[in-house]
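Dropping the structures in below, format is structure tokens.
Both complexes below contain subunit A, partnered by subunit B and then by subunit C.
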Partner chain A sequence: MLTLTLILFPIIAGLLTLASKGENAKTIASAAAFIELALGAYTYFSFVPDASTQFGLSYDWIHAAGVKFSIGIDGISLILVCLTTLMVPFIIVSTFNSNYTNANNLYALILFMQAALVGVFTAKDGFLFYFFFEAALIPVYFIAAIWGGENKIKVTLKFFIFTMFGSLFMLLALVYLYMKTPGEIHTSDITALYEVGQNLNPSQQGYIFWAFFIAFAIKMPLFPFHTWQPDTYVEAPAPATMLLSGIMLKMGTYGLIRILLPIVPAGVQAWGLTAIILSVIGIVYGSIIAIQQKDMKRLIAYSSFAHVGLMSAGIFSRTLDGLQGSLIQMLAHGINVIGLFFIVEIIQQRTKSRELARLGGITQTTPNLTVYFIIIMLGSVALPLTNGFVGEFLLLKGVYEYNVWIGAVAGITIILGAVYMLRLVQKSMFGITSRITEGFQDLTFSEKAVLFPIAFLVIALGIAPNAFLHITEPAVSQLLTIITK
Partner chain B sequence: MSLVTLIPLFPLIGFLINGIGFRHVPKSLVGIIGSAAALASFACALSLFIGFSGQPEVTHLFDWITVGKLNISMSFQIDQLSLLMLLIITGVGSLIHIYSVGYMHHDEGFGKFFAFLNLFLFFMLLLVLGSNFVVMFIGWEGVGLCSYLLIGFWNKNSNYGNAARKAFIMNRIGDLGFLLGIFLIINHFGSVEFADVFGKIAEGDYESGDKTLLYITLLLFVGAMGKSAQIPLYTWLPDAMAGPTPVSALIHAATMVTAGIYMIIRANIMYSLSPETLEIVGWVGAATAVLAASIGLFQNDIKKVLAYSTVSQLGYMFMGLGVMAYSSSFFHVMTHAFFKALLFLGAGSVIHAMSDEQDIRFMGGLRKKLPVTFITFLIATIAISGIPPFAGFFSKDEILAHVYEHNKLMWVVALAGSVMTSFYMFRLLFLTFFGEFRGTHEQEHHLHESPITMTLPLMLLAVLSAIGGFFNLPHIFNGHASLAEFMSPLFAHTHSTAHEADASTEIMLMVISVAAALIAAAFAYFLYIIKKSVPAADGQESGLKKVIYNKYYVDELYDKIFVTPITVLSNFFHSVIEFLVIDLIVEGIGKGVKILSGEARLLQNGTTGYYIFAMVISIAVILAWSLRAFLF
Partner chain C sequence: MNSIIALSLFGIANLFLGFLNNRKILLPATLAFVLVALGLNLADWNQEYLWFNNMLRTNNLSVNFASVILVATFLVVAVSRGFGDDEEHTHPAEYYAIMLFSVVGAIMMVTFENLIMLFVGLEILSVSMYILTGTDKRNLRSNEAALKYFLMGAFATGILLFGIALIYGATGSFNIHGIEALVLTAAGGSAPALLYIGIVMVIIGLLFKVSAAPFHFWTPDVYEGAPAIFTAFMSTVVKTAGFAALFRLLGGAFTGVYGTWIYILYFLTMLTLIIGNITAVYQQSFKRMLAYSSISHAGYLMLTATAKVAHTQSSILFYSLAYSVATISAFAVLMVVAETKESNAEKTNENFDIFNGLAKNNPLLAFVLTVSMLSLAGIPLTAGFWGKFFIFSDAFQRGIVVPLVVAVLMSAVGIYYYFKAIISAYFKEGDVPAIELKPIYKITLIVTTLLTIVLGIAPDLVKSIF
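Up next, the complex of A and B:
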């Protein structure tokens, strides 16, 4: 019931928001998001840290086809449900200083998006997973297409077609597996699909591997499926960028863990190295591109692309460290990247520019913004005692365990990450003020209300990562025993 | 709460108060809070030192990162090494905090400065207190952060910002080595705790030259090269002088940069079993010592001279480590902390008096106006030059004696370095404090001795620089080598092959090095006092001198082989690979689909006759296919 509430509540709240106007919509949407956050917290605290799926329920959805609406939460789901419920309220509050026309529609779409995301992270049925996976695309598509920048239509369409294209491969693979399930009426129950997939011969598993891999690789995105991403992040309005980078890309990494690894272990065995190499190329390639970016948003987009590469490499290392690292990093990256994009939004609102060459010297009038920017930047460059360190440490260790040399190359991220992030901070905040940054106003109350919790989480999660590592470990260990069987 | 936890806690609290309360805490209170935090830690460290039982004590705080069988705990270890480091860090640290009250008084970022200084102490204390490699790594990266923040303290100046970034990034290169070393340790030993890892090695299953230990020690040494500014990762330290002078004294001379030496002494059991690594450590140290000293010969910025001197002295310490003279190296860490902090603080006092002038060509004759600064600076100069009976003589000579026993060539290099050290230090002293004043009238008018908050630390450090050598007075002077004695349990399981020189050799070596230092000092005296020569203006050097003055063009070289290629690559990836290769293929697929669908669309043209025609053809094909067995 709890899981269902987590999915349904945002939908109802979203409908209410849609029906209301102006300030009311704001109030309803943010209140709903904070209630959802409380529900998420309640779920976290009621969760018993073992490998089981909890708060589950299952209804017949398409009875004749054996498709069920079955949902539930295990440790792996929980950390992503926490990410979603934790960040959406701040994404909503972050819009308070902007004037979006028909803001109630925006809030409703964000809430619908949240429902779909929770759905993806809790679905226990293959087709239900696919349904939510696709459903999540719709709200964010509209947000980007309605409130985006100049090239919004061209860029958003590219993004939409790109990810739809990937999803079709996933659908194909799901249908194939579904048709192989035993019985008069087939089933798309996820554990049944695991079994079918694992019994396929290695070459069949190879095909299924690629079908899923392309779908998830586009979503994250991985090299070389990423070219939709920088443009989309740049053109989309801040809330859409935050949703996309902070939460939605984790659908891809989550898919790797929930679907790809357990369904086709032999396929992963055969193609894992290829996937890791693509991931690591992405890390280095994305980091190097980020170094010279002139637009703050584009710089962060490439940094996010590089970070996701490391998560993916950790997942394909199929080590406990790699998987645990990727899960904690999904949470950490979501927090950090939302913080960074929000700071860019603040700077853009005040100066009407995101171009590093035109900024500088902002820190002279903004002690608060500077502190938050630096803390989040430190999380992003994985300084110890921040959230980013735990993830990167475990991820790099996992990849290193898989192969020493690949681990060493992936490790370059800690150097290059510092290069582009320090440049980002220096060029925007330090130096002398420019014409447009003179008299830059420090944070308002609502901006602090977003950045303070984010900065707090950066440090808290860096000091007490075990609060989440303990939750995910049993489920991850179980998964590893399945796939290394 | 145990005493050991309080040690890093005080500076953390100081940081939080001054950091969160920046611009709210009254200025008079800021300095008191910051300095009190440092002093309180010093008091705790001192009482731990006095009550120390001789056995290592580990205090477990909490489990930090637990994955599978690996548990990385937040825990502290008190033993001989961490205690000595604690005393140096909090002791010298306290003096520098007090000094900063005077030095930074007019700066609008006064509160911020003390917050960062306290944060630095916190991380530095974690670094030496950690009972495992990962807690050490927290401190290691944390001090790097503070170094970054403090080098770029005056962030309006983008050159300073660049220097800060350079320091952070170069340190990160080293940190990657450290991190990979940690991974190898975990894979091999299943733990990161010093007690577990070193305990396993002490059980004696490892031969000298063991491959795993070789790789671990090499990787850790890469970390040490970054943090302790050794070739090839040394170029950030001279640039780091962009930070306020107390920062140069505390971070870039007395404490942080010695972290690499601390690390190797901590892991001495591993290093002693890796003679190849030690050989590399020794030669990297020797090369750095002489290279940096040679650059120091012609620098005209008072802080730059001291910076190269620091790089060079750190080289001596690594040389000592390379020949397994661990306690001698540590002895030099300690004496160097005294006299180099003193030199920097003295330089700060000069800069303060000179209205921010740092070029020694525009100084001169300051000894009359700045008597305390002059006397203390003189003591430090004698100490660093290795002239008895001041501190540097004893510690440097111990290293030199061990190096001599190990490798005569290395000793010659070291001796050459110490000749240069003596020359550039006396050159600095003479140009700054003797002769005629060469600055502007305005500067001359403003000349004044610094306030008591600044001169008191100078005097205390001068006393330590003068008598510091007696903490480890060698046996030939009827001393007890107390420091080496105290530290000996750290090396209980290390099978040292370091030879002790016999007494006559030792005395001979001392005589040679002291004579060399005195001759160099006399030469400086001849040049700058008797001949009254002043270094030429920029751009007038030629030949080898020009090359050295321009630091052998190493920065330019790094620019050419690292920075430029990466910049070019970045632009190439972005404008060519992204848009002309990948995106073109993607768009190509899109266009292909569009064209194909355009063709396919023609099939659905709405003409019934066409559909029937298509149907008939299809049926015929299907029939033919089904009947193929009969037909062929």
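Up next, the complex of A and C:
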């Protein structure tokens, strides 16, 4: 019931927001997001850290076809449910300083998005997973296309068609597996699909691997499926960028763990190296491009592309450390990237520019912003005692265990990451004050209300990563036994 | 089966109502007629019997198909708004009467037991449609469309009839169950070439009606020329009836020679999907886009008809319902927007730009349009998604992989052109004044939209019946 409430509550709240006007919409939306956060916290604390699926529930959805509406939370789901419930309130509060026309629609769409995301992370039926996976696209498309920048129409359509195109292959793979389940009435229960997939011969598993891999690789995105991403991040308004980079790309990495690895272990065995090489190319390529960017938002977009490459490499290493690292990194990256995009939004609102060359010297008037920016930046660079360090360390250890040389190349990410992030802070915050950064106002209360908790989380997770690692560990170990069986 | 008789009488009654010189009464009367027919139709649920000397067969399958047809008719009539107030040029009583007559033909195509009845039903339906296409008398395009439709349609019916004659020659029977048995035995031994030629000709005749490639050339011109309300009628009722007939032949009478026709359909399915979707991308006119989209939807339906598995009938039914509801709402929005612009003495067309800026003053219409486009594109949360899903599952079950992959790729293409309408409505600058909708119009639009969403979330509500 708890899981269902987590999905339904944002939908109901979203409908209420849709019906309300102006300030009311703000109040309802933020109240709803915080209640959802409380629900998420309650889930976290009442979760028993073992490998089982908890708070489960299952209804007949399409009776004749054996498709069920079954949801539940295990350790892997929980960390992502926590990410979603934790970040959406900040995304909503972060919009308070901007003037969006018809803001009530914006909040409603964010809440609908939240419902779909929680649905993806808790679905225990193959088709239900697909359903939420696609449903999440619709709200974010509209957010990006209604409130986006100049080229929004072209860019968002490209984004939509790209991701939808990938997902159709996933649908084919799911239907294929579903048809192979035993019995008069087939089933699309995820464990049944695991069993069917594992019993396929290696070449069939190879086809299924690619069908799923393309879907998830486009969503994350991995090299060479990333061409939609930088443009979309730049053109989308801040809340959409935060949703996309902070939470939605985790649908791809989550899909790798939940669907791809356990369904086609032999396929992963055969093609895992290719996938890791693509991921590592993405890391290096993304970092190098990030170093050359002039636009802050674009720089962070490429950095996110590089980070997700490392997560994917860790997942395909199929080691405990790699998987654990990717999970904790999903949480950490979500927090950091949302913080970074919010800071860019603040700077853009004050100066009407995101171009590094035109900025500089902001620190002189903004002690608060500077501190928060540097903390979040350090988290993103993976300095020890920040949240980024734990994930990146485990990920690199996992990749290293898989193959020393690939691990070494992936390790460059730490150096390159430091280069582009430090460059970002230095060029925008330090140096000589430019014409547009003169008299830069320090943070307002609502901005602090977003950045303080984010900075706090950056440090808290860095000091006590075990709060989440011990939750995911049993589930990950169980997954590994399934894979290596 | 009483629905056929009732509808014929209602059609005549409608003609007489025209004498009353009271245009207001026609719309509610026709709606009531369709509802009564629907009730009579549903009364046949769970009964199986033959009518008129074994000419027509009523069973749950036919009740389901007839219900989808009648629901579509009801929705089309509901958004017809009495065909305007132009005393001189419109004759609503006749239009409604002809629509009812054509539904009689459609139901006969669903229930036929004898190939002669298939032919008669198809002709009743077609002749009515030729007339309705040409009702915009002063419009050159409407006249052109009617003539084109008539000439091409008559040719196709001729081929169908020739095919029926050849099948009769080969099997000595018009009865589809008789033919089924004879085809089965013939397929085992040496079937005469006449039989195969006849089967292919009958299939061609029907594929023409459902506008499958390469028999689709009439579709864009006819859809564009005909008044939008009849285009909506044509693209829903005619298509559903056509596929019902096709399914009954392929799944029943011609089962024995499955190995022969499957390759033809295999190829034509891919051709239809590719031509329909790729050409739709290049259309400027919204109506023409819907014409090509209707071709592509014929392709999806052919995919499941080709698969011929146990669920095929329920897949066709679900898809037809989802497609009909979405198409009717799209046309309804188009009609009301075009009419408003026309009455403001603006130069109008039926291109995508007609929707520019629609969302600003008409959030309801924009939302209805969006949901129907999403459904046609097959995006989850809408009925269209499940329609595609069921069809893909069927194709998988039969193992027809190549057309399936084509279908999947083409549905990605579909997103592009359906989203053009959404983009116009929400993101483009333009000015559509706030449109005052009549209550019945508003209710219909809300009902179709809700139906699309509800079926998108809980397809089992209807799927379990089919």
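Basically, the second predicted complex is superposed on the first by the 485 of 485 C-alpha atoms of A that agree within 3 Å, B and C clash if a C-alpha of one lies under 4 Å from a C-alpha of the other, contacts with A are read in each partner's own complex, and residues count from 1 in each chain.
Assume a residue touches a chain if its C-beta (ideal position, glycine included) is under 8 Å from a C-beta of that chain, and two chains touch if they have at least 3 such contacts.
As the structure is a computational prediction, the values presented were derived from the model and not from experiment.
Trainee: Please work out whether A:260 is in contact with subunit B alone, subunit C alone, both, or neither, and reply first, second, both or neither.
Mentor: neither
Trainee: Return first, second, both or neither, reflecting whether A:62 touches subunit B, subunit C, both chains, or no partner chain.
Mentor: second
Trainee: For A:161, decide between first (touching subunit B), second (touching subunit C), both and neither.
Mentor: In the superposition, A:161 contacts both subunit B and subunit C.
Trainee: After superposition on the shared chain, which partner residues are touched by A:217: those of subunit B (first), subunit C (second), both, or neither?
Mentor: neither
Trainee: Could you look at A:248 and tell me whether it touches subunit B, subunit C, both or neither (first, second, both, neither)?
Mentor: After superposition on chain A, A:248 lies in contact with neither partner.
Trainee: Could you tell me if A:143 is touching subunit B, subunit C, both of them or neither one (first, second, both, neither)?
Mentor: After superposition on chain A, A:143 lies in contact with neither partner.
Trainee: More residues of subunit A in touch with subunit C or with subunit B?
Mentor: B
Trainee: May I ask you to decide whether A:131 touches subunit B, subunit C, both, or neither, giving the answer as first, second, both or neither?
Mentor: Second partner only.
Trainee: Contact-wise, after the overlay, does A:172 reach subunit B, subunit C, both or neither (first, second, both, neither)?
Mentor: Only subunit C is touched by A:172; subunit B is not.
Trainee: Check subunit A for residues that touch subunit B in one structure and subunit C in the other, and list them.
Mentor: Comparing the two interfaces on subunit A, one with subunit B and one with subunit C, the shared residues are 161.
Trainee: Which residues, counting only subunit B, touch subunit A once they are in their complex?
Mentor: Where subunit B meets subunit A, its residues are 22-23, 63-68, 70, 134, 137-138, 141-142, 145, 148, 152, 155-158, 161-162, 164-165, 168-169, 172-173, 175-176, 179-180, 183, 186-187, 566-567, 569-571, 573-574, 577-578, 582-583, 586, 590.
Trainee: Enumerate the contact residues on subunit A facing subunit C in the complex.
Mentor: By the definition above, subunit A touches subunit C via 60-65, 127, 130-131, 134-135, 137-138, 142, 145-146, 152-153, 157, 160-161, 164-165, 168-169, 171-172, 175-176, 178-179.
Trainee: What residues of subunit C sit close enough to touch subunit A in their complex?
Mentor: That would be residues 314, 374, 379-381, 385, 389, 392-393, 396-397, 404-405, 408-409, 411-412, 415-416, 419, 423, 426-428, 458-460, 463-464 of subunit C.
Trainee: Once bound in the complex, which stretches of subunit A touch subunit B?
Mentor: Against subunit B, the touching part of subunit A is residues 161-162, 224, 226-227, 285, 288-293, 320-321, 324, 361, 363-364, 367, 378, 383-385, 390, 393-394, 396-397, 400-401, 407-408, 411-412, 414-415, 418-419, 422-423, 426, 429-432, 463, 465-466, 469-470, 473, 477.
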